[in-house]
């Protein structure tokens, strides 16, 4: 019974209350500062009362529209957008170097650095830019002899200057983006319901006047990313279309909206002398009537668009609220550290405060206490031997 | 020497032990609550003793199998799956609008909104849906005259109603997914070793009866995502196959298993009137014997599958265990805040408890203390001037 | 006025200073340990004074170079790299099974398991490996009769053993990777400025001698990932090229460099008997002069490369510095828990320390205190009834 009574006790710290205007004002000011920080920054700005979801489920479908003139042909989306699936990464071709009717065989190299006078300069089996050297030196033009290669012939000449397809600037990119925050089962799309179908079809994105329009002009995207269209189209490049969904789900559904930003992702390659820009080669394969394969090789320069979707959402939840509130409460106590330093070191009468705050016990006294006279006059001793140690908080002597 | 002795001291707070059943029970109850929370929630449920790895290395290889009949042809995987590389994102084509033998040239527009009576209605250089207007109004059929376009001719007619390839419902998707948690060097695949090769080849995924089977029927995936196959195949859509690996590596290796869930990723676009579903165009290029290029344009509707792999793993580690244990220990002290409020305000004899907890020092006393009589009777003063201030914890007077 | 004076007070805990070498040394040692942990681990190792950015913007452009001989043809990048766009995921084909001139029609199955004697063994409409069964049993070779299928004919024979393209081992992969930490607006590329253009063109990556060279030999990547080239090329597989950017932006710009590591991503599938390796099928489509479509079906084995970019960056910031410093300060107090346990339980004279630390108040005393004699001799009581309870910190009696 006594044991249970001993258990159900409550232990609280004994405190010294200092009635001093100086330290009192400092104390309350520090507490006010800490509380302001928690209320203002942690609760209101950082929304510590919310549980936050950063895993965003996103689906992006893109569609490019436009017609361009290139090499005496009218080209449509199937000709200049690759891959065609309308995924989040796609390339719009702006410039092409076409090498038609290549067949397997032997032919002279097209690059000047493979020019030769005799076979000895053309080491067989070495890899050249268009194929594998046969070891022969042959006529390329009437004036120039180059090493002969085996491979797809004729060899590609990619040093020619080709025009860009200027119509690309007016092409439009339609982006359909649906997101979902699984934790909150919150779904939303970038085709906001307050826009009519007609509005969506006719609008063009602009950060100020039409920030929610899902149709973007290529020229605008290039401009918003801080690039020059003609130069970008000529060298190729990679642009990022970033869609950010930062949502406070405690607020209205309507206020959860996408924010579009644009950036050049291969920004540094334009400064680099080595392979600036973006290009790649691919081939279209054909067969002659008698079954022989031939191909058209295309070296294409283009703008690659990466649609990147980021996002996070917050919603009120009791657990983070309690945790933050407890953290705020206990942090108020941190102010004591500062105030103790001031009180015990810099305030007038610091020694007296020390005497009141600290009570000393030492081993010598214990021995006395263990003697037949246990009722040693405690108060007198402590009065006489007030500690001057200030623990972690008072700074030296 | 004295200085060193002063340094090696230990400072602990002086405490008041209240022997009261009321506050004692409240105190222990609050402590029990806090300890239960830490043991039950933080340690057992949230596994705070584990270090957690969220960066998962994943590789997905997919393979679709099946044959379908469409437009009097038997189609196989090479015909209806794109891109063919077996990556984590792929499209199974369910419907096609084929426009064969398009060549560069001029022809009338196929869409009714470009119908015209005279050339004046067809502004040259304007972009139409199939090419660029030439400015002429020509016969499309014997009854209808439309604007003439330059581009790939004949123009596509995509308003026709086409059937879907119903066999797609029975196609199977084989998913090979290998994951690795680099921090723990833990590797596992979704082909679990307790399944024989024959079992894996013959099984079909089902959330209850075959939750680890890596072969999924398309019709099942559509159903599990809550969609109707016929409607989805007709409009196209994007489905997500999510594979979650949530592993407790303190447990047996066998218990780290994948969990498959299914969702429609473009869920909202089915409600939207603007571009519901998923389709895209691509072309196959051919050449005539005399070298003229022509193409077959395909507008395809399909189901895009995105295989998304998530995961995290936890394993016991001494550092988070210590940190959590310390946090638990210190949090027990938070209960004191609540108990102090009760003790100093609401309990019978609250004033007396205050008198015991708080000891007052004020500036007036300091002046006296600084007087020639330093051995001022301390206890008496404090007894007479017991503070009634309760700091942050007692609420007002 | 009095109310305001009451408000501007400062409350600090009353402390007992124990002058004992034993506990003093333990106390300071524990404090030293905690401070060392914070300074050494939290501040110096974990860099808790920095704000950390884990969202990395990355763009990857890849380019493969090389020529291979396969099936009496010289193949170039356009022939054996797919998809051609130079994105972060691409396949280099190492082995091919080519089925030329397939047309829609009927023909016998090529697989032995579809061998038959009579039509009854060939159930019509069932799906076989090359098409849909017609229900007839026909001659495949002069000795073997198999079920007839409808589909692309002739059926593929994929059981033949084909050689691998050994030149792939010498192919090079050029990786252009630009990253950006949006929070710090820090941009960098893997073509480091201290390398000249000539150096970059001629170098080959090696973890020790050329760790920043952006050109990687395929054979090296395979070797660094711990694989055997001949076996990998024969079965196919998925390799990960991981580029890690872990940057301390407080240090010099030059010290933020990429680190390349290599791993086999489908590591477990090589042990599995079911579908080891990586292969897929695709088709090239042709048309005869009279408009009939035919195709070349390719079953290709290859090495898929996934370029994965990870990264995080840290930079000094005042807010995490303050938070960490406060956490360090308050954690020093945690040492008190341990010291109290030792002091009140294990130290010689523990009872005496308890008597000094704890002061007891109980309900009986309150009743007396509420009696007409409020100036009850406090010190005597506390002296006589020193608590032996040690709260949360002393362990039982």
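Per-chain numbering from 1; labels A, B and C assigned in written order.
Just so we're on the same page, a contact is a pair of C-beta atoms (placed from the backbone, for glycine too) under 8 Å apart; a residue touches a chain by one contact, two chains touch by 3 or more.
Keep in mind it's a predicted model, so treat the numbers as computed, not measured.
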Interface residue overlap between copies subunit A and subunit B, same or different (over half shared): different
Angular offset of subunit B relative to subunit C [C-alpha, multiple of 5 degrees]: 120
Where subunit A and subunit B are represented by their mean Cα positions, the distance between them in whole Å: 16
Per-residue multi-chain contacts in subunit C, two or more chains: 9, 11, 13-21, 83, 286, 289, 356, 358-359, 379, 387, 389, 391-392
Residues on subunit B engaged by subunit C in the complex (per definition of touch): 5, 7-21, 31, 55, 57-59, 61, 63, 66-67, 69, 73-74, 76-79, 83-87, 100-101, 174, 176, 178, 180, 187-189, 191, 197, 200-201, 284, 286, 288-289, 326, 329-330, 332-333, 348-349, 352-353, 356, 358-359, 379, 383, 387-389, 391-392, 397
Subunit A residues touching subunit C - in the complex, by the definition given at the top: 3, 6, 9, 11, 13-21, 23-28, 82-83, 89, 91, 104, 127, 130-132, 150-152, 238, 240, 263, 265-269, 272-275, 278, 280-283, 285-287, 289, 291, 295, 297, 304, 306, 308, 310, 331, 334, 336-337, 339-340, 343, 356-363, 365-366, 369-370, 375, 378-379, 387, 389, 391-392
